[in-house]
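What follows is chain A paired twice: with chain B in the first complex and chain C in the second.
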Partner chain A sequence: MTGKRRLKEHTRFLLMALPGALFIFVFLLLPILSIIVFSFWRTEVYELYADWNLDNYRVLLTEPTYMIFLWRSFTTAVVVAFTCLVFGWPIAYFIARYGGRYRLLMILALAAPFFTGIILRVSALQGIMGPVGAFNMVLMTFGMQPIEIIMFSRVATGIGLVYLYMPFMVTAIYLSLLNFDFELLEVAKINGARPWRAFIEITWPLNWMGTAIGLILVFVPSMAASVTPIFLGGPNGASFGSVLGKQFGETGTWAFGSAMGVILFAVSSLVIYLVWLSVDLQRSGFTGKEA
Partner chain B sequence: MSQKAKKLTRRRLLKATAATAGAAIAAPYIRNAHAATPTVRMLMWEDYIIQETVTEFEEKYKARIAPQFFDGNSEAFNKMKAGGTADFDLVMADGFWPRLYLRDGLIQPIKASLVPNLSTAFKDFQPGAYDLLHDKPGGTLIGVMNCWGSYGITMNLDHIAEEDRTSLNVMFSEKYRGHLSTGARFEENIAMAGILAATQMGTVKDQRPDGQPFNPYKLTDAELARAKELLIKQKGLLVTRYQDYDALQRLMRPGLVWASPEFSEIYRRLTRARWAGEVDFEVAHMLQPKEGGLGWIDSWQLSAGTTNSEIIELSHHWMNHYVSRESMKRVAGIGVAPCFDVTDMLPEQEVKLLMLDRTAELRGLHMFDQPSSPEKWERVWSEVEAA
Partner chain C sequence: MILRLQSSDMSESVLRIEGVTKRFGSVTAVDALSLEIAQREFFALLGPSGSGKTTLLRIVAGLEAPDAGSVFINGTDVTELPPYSRNIGMVFQNFLLFPHKRVGENIVFPLRMHNVAQAKQKERLGWVVELLHLEGLEDRYPHQLSGGQQQRVALARGLISNPALLLLDEPLANLDRELRKEMEVEVRRYQLELGIPFIYVTHNQEEALTMSDRIAVMNSGRFEQVAEKHEVYTHPNSRFVAGFVGHSNRMRGALESIADGVGSLAWNGMSIRVPVPPGAGAGQSVEYFIKCEKMQLAGAGTAAPEGAFYNVIEGVVRDVIFKGAAADYLVTVGNGVELSVSDAGTDLSFAASDPVRLVWSIEAGSCYLAEDG
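Let's look at the complex of A and B:
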């Protein structure tokens, strides 16, 4: 390859990468940077003052109130991510292995709820799980007591989030399984491995990359969720995300809200990093090297 | 056309795609000067967007209405502070908020001469009786009144005992555990609890640091602490905090929620349903609890960022059009009480339902206001939510 040609390739690469890089810089990095800057400022009666201080972080990290919101959101996101994992794996496996020519159709069907907005979907859930929702009305029609735990509670929020983000988990695992050679399971079987052993030793580790991506795709939005807890969570359901949203709306405490945003970003990044550490790129076949 | 010109090459395809994409992106920004329609952009409560009124205005003035919606005063105020004056020509607010907008230079004076329909307002809302729509009593007009009401308590009379129907205590009573609901707005929740707290502490008539009478939006630290205690106790009694009227209606209509503070819209919907034989319980609305209540007059304000004289004039026309008696009758139809006298256009039953015969009671209510310290109130509300 000549030097001239190499230069041309570099130029071409730069030209192709520039719009994307510019987009990421303007719409992702700049807002994050501004949020970080604001988090060290101060708000007073809806005015933002460039008065550098650590007070927002002191309040956030020392007052139990906000730690409670963070803990609530963290535990909810963990439970939601693992629930999606438990229910999502069999669905993705079934579609990938037995879906045949309907695989794509089935995966697209999972995206059907996304044809409407989140508020509509959450309101529909309220209509199903609420005190006078379809589920409890049926129970009451047969003389039974309504199930209170699914009415305006953290459990209701969890169910809502599982419903909202399950497609992310299924799609991530499904895409991983598409590249998985199911013949390996036959080989394991011939060598005397029971199905569960083959799953634990072969299917699971070789698809851990997709599973990890699914976990992240569910955990991160669940951790930041605000609409679902507001609609389904009831008086005790306020989450870190819903309280954060309030700072930029009703209370106008933007500096404090920015610090909350930084904390949320840090916690999510840490979780992503921990999940990333668990991924063995070579074993997953994602070395980045050409075959 | 030559054969060469017809040939579809990759270069040609890319050029055509780029040109089409460019045209598609640019199209919304390319305007025919003759066809350009002046647009009045407004930040308002969604309930007030009545299509018939909008169409009438658009046809009469050959203009376009572009509304955006908000839920609470502080939300709209924040939007205007964060550059909203350049995005909106009109903004709605209520209670003390128009003066706060003026104080921060977010709105500009209104020419009363361009809003002649102001003369049909009830006398209880005219200058002298109600001065919050002027920069000071007898001063410059800064807002055009629209509708009024209280943040009273709607009650299911089958369940709420007679002795509880006049007091804020109903919202904090153990008797009604699991059958109460409140709105999600933090200011009104704290202010309402603040009224009860100050009453219980006997501090309502105390001298205030600013020399003004008691205002539930300017509570002392002790009153705020007591209000927080009340709100934490109340949490255990609530089914939920409703997000919108429909959600509250879904809870009250089947009889699950028996009492809830609201802007009397659900009271009116349920009463109409009762008249139609669709619900079998009586409903009442506590306009002014004995401890005191919250009230509002909402109004239209002209954004300080609007400098185009044509849009300024159109904005005045919109306000005048909106507060015309015909338009106000439509507003009454959606269940909100107009500030304008349309009593002769409505059946007596509707006049009573809209409380148009009780306009004088507004004077006894505490008007919606800005919390004395949004930061302190945010902390209190977060503590309530986390408790």
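Let's look at the complex of A and C:
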């Protein structure tokens, strides 16, 4: 009887998992597998040829330009992720702690920018920060120098990315704080911890996992960003992502583009792995039990 | 209400609160309370939920700021001080151990926060681990412990830094009955051993009676009675206390007549002799409380004590609830009402449908003016 029952549960589980698993296989794993395969091929006049070689990787790793793009994208993504962390924490904390019944509404408001497309939003930033943008027009009207650092620069790209991905960071931290027992802070205070100390001893370690997820959610798309640097970065702001995009568009060098994709994937995976190493499940307060 | 507390030497009181008031919106959670608690005292704040006992405790801890009044610890006004500067320990109902810290780290947390030297931390940890029988658990995480062990760790954390007093907010409420009984005795033992005052918030009268020296019975933000536990149990000074502490039969009705301080209460067609509450006159509505164990059962027709100071009424046993150490008899009297009598004798002298006689001294119960409505 038990055996039959178990079989039934097993079947039910499979039925529930199957559609999602199929979707992920077709639309996530297959493309990744195909770019890995393509990266060892060759393109000629917009055609892929299946003659296996390592040329794409040789060019990528020896041609300094690409490494410079990669390094530039990497550092930008690191700075963007930490900027989001610094600004996102207080926002998430405020909403989780004092949002009351408006919490959900405030989180939804964070998603408001997603109601329009990314190009529109980035162009709007261009309109604010560019040479004829709101800031600089005002400054110049009063006879002052425009702020050059926000005109078509990496800083502008960074600001744009922080703006785009901040909601991910806030949501990740917020969700973590929802499961955080704020009473523990009272306990810490009774036991002699000043507010800042209580944060470092209790709040931060118990929400590090959520914070790490936020860092990853911001880092990965920032690292791969292509549209934002094109719009805000100016001529010298080309990122790894935007150059990658070109391989599949203007230049039509798919095999080379695939190799760039594989490198990007590898770097992101490595970063995720490193962040994961920092999570000690025992020390995260995660007990594997229902809360 | 102004409370006359037992006279205590000013220098001796560890905690003194004066006129402490706290409002939440239109609700007055704590209403102008004053209290003094002496060294070595086990003090229970007993009351139903919402009576303000936890709020009062949180004000003492500094987790809540009073709207009026002052809190003194060892003579120092700490009203404006944050919790981390008050030198108190606190234990919570849901343990609230830090889930990401090992038992040992949880326990020494207060010492670390006060920058106590490592060697001293180790020494204190050894002491408190022995006191609370936590040997061998130092490297576990809280979720690997049983409920009782977690509460011991919470106690250890509350006691390690030699606090001026320990506050306990229903610390045993989440434990099962057996364990609770065991812990009641243990907690009392720690208090006697350490000689610091414990302030114990509970809604469980048995807990309060078992452990404490003095009890404050709270209701709607006020103290109904603050006295030695024996006094609270045997001489409740208000209707609320009489109804809340112990298990009582209550009889409500009009005073028919008064003679020599003994009134006659009309209750379900019977006349019950009751002590006359101060200020009551004939015709007024009163409520009489008699604890279940203060009534005695006798066989119908047996000789009953004579005199104006006893009540004797006839009834029929409807059911017997045998509880091991005692038995509860449900007795139908008068026009069908039921009284509950608790008898420590376990010989089960009476069975259902036996005619019996209930006898009790009127002074064993207490009588109050009934509130209108």
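Note that the second predicted complex is superposed on the first by the 283 of 291 C-alpha atoms of A that agree within 3 Å, B and C clash if a C-alpha of one lies under 4 Å from a C-alpha of the other, contacts with A are read in each partner's own complex, and residues count from 1 in each chain.
Just so we're on the same page, contacts are C-beta pairs under 8 Å (C-beta built on N, C-alpha and C of every residue); 3 or more make two chains touch, one makes a residue touch a chain.
Only a predicted model underlies this, so the values are computations on that prediction, with no experimental measurement involved.
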item	value
Superposition on chain A - do chain B and chain C clash or fit	fit
Which superposed partner A:194 touches (first chain B, second chain C, both, neither)	second
Chain B versus chain C as contact partner of A:202, first or second or both or neither	second
Touched partner set for A:282, first chain B, second chain C, both or neither	second
More chain A residues in contact [chain B versus chain C]	B
Contacts of A:145 with chain B and chain C, given as first, second, both or neither	neither
Touching partner for A:62 - first (chain B), second (chain C), both, neither	neither
Which superposed partner A:186 touches (first chain B, second chain C, both, neither)	second
Contacts of A:252 with chain B and chain C, given as first, second, both or neither	first
Chain A-centred angle between chain C and chain B, computed on Cα centres after superposition, in steps of 10 °	150
Shortest CA-CA distance between chain B and chain C [superposed frame, angstrom]	38
Doubly contacted residues of chain A, that is, touched by chain B and again by chain C	none
Of chain C, residues touching chain A in the complex	61-63, 82-84, 88-90, 92, 94, 96, 98-100, 109-110, 113-114, 141, 143, 157, 161
Touch list for chain A against partner chain C, complex	181, 183-184, 186-194, 197, 201-202, 205-206, 282-285, 287, 289
Parts of chain B lying in touch with chain A, wherever the complex brings them together	72, 74-75, 77-78, 81, 184-187, 235, 238-241, 243, 247, 250-251, 254, 256, 370, 373-375, 377-379, 381-383, 385-386
Touch list for chain A against partner chain B, complex	43-47, 64-66, 68-69, 126-127, 130-132, 151-152, 230-231, 234-236, 238, 243, 246-253, 256
